[in-house]
Amino acid sequence: MTNVIQVAILGLLLGGVYALMAAGLTLAFGVMRIVNLAHAVFIIASAYISFFMFENLGLDPLLSVVIVMPLMFLFGVAVYQVLFRRIEGTPRYTEMTVLLTFGIAIIIEGLLGFFFTGIFRKADPEYATDSFIVSGLFLPEGDILFIPKGQFFATLLSMVLLFGLWGFLRYSQTGYAIRATMQNRAAAQIVGVNVRRVSAISFGLSTALAGASGALMSYLFPFFPFRHWQWVAVLLALVVLGGMGSIKGAVIGAFALGVASSFVVDRIGPTWGPMTFYLALFIILLVRPRGLFGKEVAV
Amino acid sequence: MPPILEISNINAGYGAGPNILQGLSLEVEEAKSYCIIGPNGAGKSTLFKVIAGLLHPRSGDVVFRGESLARRRPDQVLATGVCFVPQDQALFPEMSVRENLVMGAYLVRDRALVRQRMDRVYEMFPILKERAGQDAGKLSGGQQQMLAMGRALMIDPILLMLDEPSLGLAPQVAQQIFTRVRELEELGITVLIVEQNAQRGLELADWGVVLDLGIVRFEGPADGILEDPRIRELYLGKAASAGDTN
Amino acid sequence: MIEDRADASPEDSASEPVEAVVRPAGPARYRWYVLVGVLVILLSLPLMRPLISSYSYTMTLGALVFMWVAMTSSWNILGGYAGYISLGHSVFMGVGGYVAGVLLYYYDVSPFLTAPLGGLAAVALGFLAGFITLRTRGPAFIISTIALLFMFLLLFDNIEYLGGSAGLPLPSPPFPQDWLRTPFYYAMLLSAMGSVWLSYRVAHSKYGMGLRAIAEDETKAEVAGVPTRLYKISAFAMSAFWVGVVGAIYGYSISFVRPTVFFTVAISAQMVLMAIIGGKGTVAGPVLGAVLIYAINEFSLIAFGASEINIAIQGGLLVAVLLFFPLGIVGTLRKRNWLPAFLDWD
């Protein structure tokens, strides 16, 4: 029993981080119909930033979020203005964004590899290897639970950020505008929303979330430039599962699959963790293609 | 008095396609109501989209109260007081009725004013007050149309364009909508309405405009148009029989 | 199901239908001669050994270029004509490679014989995967191709029978050392010819028109009566065949099959880049793109060494083409009426 709880906890902590990563990705699609294949490479680039700040400045990765997020926000807005604005309104826009972000991902991967080489990197602040030890409570005599500190703080931060995002979307003027644009772009224009500005801000938000995720990744998982493809596959699967454009769906999906893959890793083997996500993707496509909370199949 | 809206020689089309509007010109006078009729493909919805800034004309100009709107973004057009209520898909389906109305006043800074206007809309459409917390996507067709109109009122428009407000609605519900439109006219708003049910639409309006092949073919007092045998036969005949099957 | 436009010509007399297909008139005739000429040269090149300085290198180079031509042309059937971008297409290469590899490793059957089987296995996978993933329109398909690729990488890494992550070593082909690379040259050339021929036939058929309708506006295509789901799935499956064949041959040529060789995004990325630069949706585009990108790669390898900068350059090329020449070289030239006849195969 304790073992089950342990595995579940690890899964939830994993899901918390995935939720943050997937939220940014699905936001970009929801608002602007952009499938951002470069999202994972943005995360890894941010991880490099956090990593080097830790190595050279001693800045704690969790704190580096404060620097990385605004930086990535500006970067995202810039990328949107320079690249996505150009293809606005072209036919088969979403397909174009796939190809465009594919190219961007490759460029950044190449640059990262060139400057930082392919060595595995991982920041190692103290909490990265420490765990909270929980005993007593409702646990059987003598049993203990390990709650890895690093993952715990990461999930905590992720929840704080996601909660902040939720509040922002729900209650702020810009948040309303973003939600309106997500639900009905034409109507948003008619009521006076500057959808272009909203789109740029949303993309910036999306990359800011990637930035925060990267700061977390810097100490949670070993990373190197080529790694982003694996993350892309997992994150995209999550986004489709939750329903493209649904932040709620992405978060729920992340936790659900985080726990599921944790059990898979525990019972079958560590290398099979990602398979959970891929299988879930194909099952969802078979059973309910629009995902958990997605709208009817849209083009 | 100069016209409040001057549309001059508009050529407009979608994508790389042909011109739907082919040199269309029209003058609209303040506080009057206009019903625009014509066969499908004549360019009625396209005209509204051009005025609203959703479609940029290839040539020609749209001047509202002395300002040119032709190259403006939709949000800029709205800021001048020109409000467009499209044929369908006008609402934010996952937002509540209340939130939709709030979005209608997106450009309004004064919170108290927004509340005031919302109360006015609730007065005009009591059913919306009843369902204030419900998701817009779950409303019936008639209620959605009322919400769309109510939302347009939140910006206190000077000129209001309604594209087929009674489309797909049962006759009694459509009648309710038309009554509301008449109330709007009485408020002094300049109303342009495209109406599939030409007879009903012309009954509501002061002035009738007949569009065909991308230009204004006929225009005149709405009563007169109903009586003119040429128009009656050409357009009301088609539109009326189409309207009957609605 | 597939009709040949040339057959529809009413002037064909009973004695000349073959002629009408084989020898169209006018500028097309000139184009035909150029193509045949090029093919003759390519086919006889290996036999002109005394004239070629580094024979093995030339054979290998040729084989690789033909391989990319074959794969990119195949990719184009779904990605270019139907507009459904497959980013995990290299999964088919791996399937073909492993089918032939396993048959060689365990049963001593030459991949030159089993390559078509590899192709068919890829087709089967294409049908199965397409059946699941082509139910929706839009980006879900694209995402699922990436997932499929990684799924297979994971699977093949962990199956002992297939050698796991180390793969299976394969014996060298039983040819004299001097002429070792030549059969691969021919095998790849034939594959390239087959792939381009398939692409050409699809493009010039009612089926191909249906695919293009899907690319342009799927709703309209459905409404017009095109069986979109069937077309999409079959296009996906067809686009897998030659990739599988080529995978089988490639594995043999490098003497091993290993997951990381085949199941990598880099290969898919190359296919996509080549098709887009050349002009996706055209017949000649992928061929041109394959040759061009391969040349650029070789050049940048020489100029910059085998560093990550090459990858960045490829990405940069892709982005530049997408923003400024989305129709690719062939497409853009055609639009401006500058397309030389020998590149106009549509």
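Here the chain labels run A, B and C in written order, and each chain numbers its own residues starting at 1.
In this text, a contact is a pair of C-beta atoms (placed from the backbone, for glycine too) under 8 Å apart; a residue touches a chain by one contact, two chains touch by 3 or more.
Remember, it's a predicted structure, so these values are computed and weren't measured experimentally.
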- Note on the structure: The chain whose C-alpha centroid lies farthest from that of chain C is chain B
- Can you name the chain whose C-alpha mean lies closest to the mean of all the C-alpha atoms? A
- Note on the structure: Note: chain C sits from chain A at a C-alpha centroid distance in Å of 34
- Message: I'd like to verify one number: the distance from the centre of chain A to the centre of chain B, where each centre is the average of its C-alpha atoms, in whole angstrom.
- Response: 43
- Task: Determine the centre-to-centre distance between chain B and chain C, using the mean Cα coordinates as centres, and give it in whole Å.
- Result: 53
- Touching two or more other chains in chain A are residues 91
- Please name which positions on chain C make contact with chain A in the complex. 83, 85, 87, 132-133, 135-140, 142-144, 146-151, 154-155, 157-158, 215-216, 218-219, 265, 269, 272, 276, 307-319, 322-323, 326
- Going by the contact rule at the top, pick out the chain B residues touching chain A in the complex. 15, 52-54, 73-75, 78-79, 83-86, 89-95, 99, 102-104, 106-107, 151, 155
- Message: Could you list, by residue number, the parts of chain A that touch chain C in their complex?
- Response: 29, 35, 37, 83, 86-87, 90-92, 94-96, 98-100, 102-114, 118, 225, 229-230, 232-233, 236-237, 239-240, 244, 269, 271-272, 274-275, 277-279, 281-282, 285-286, 289-290, 297-299
- Message: Give the list of chain A residues in touch with chain B in this complex.
- Response: 91, 173, 176-177, 179-180, 183-184, 186-196
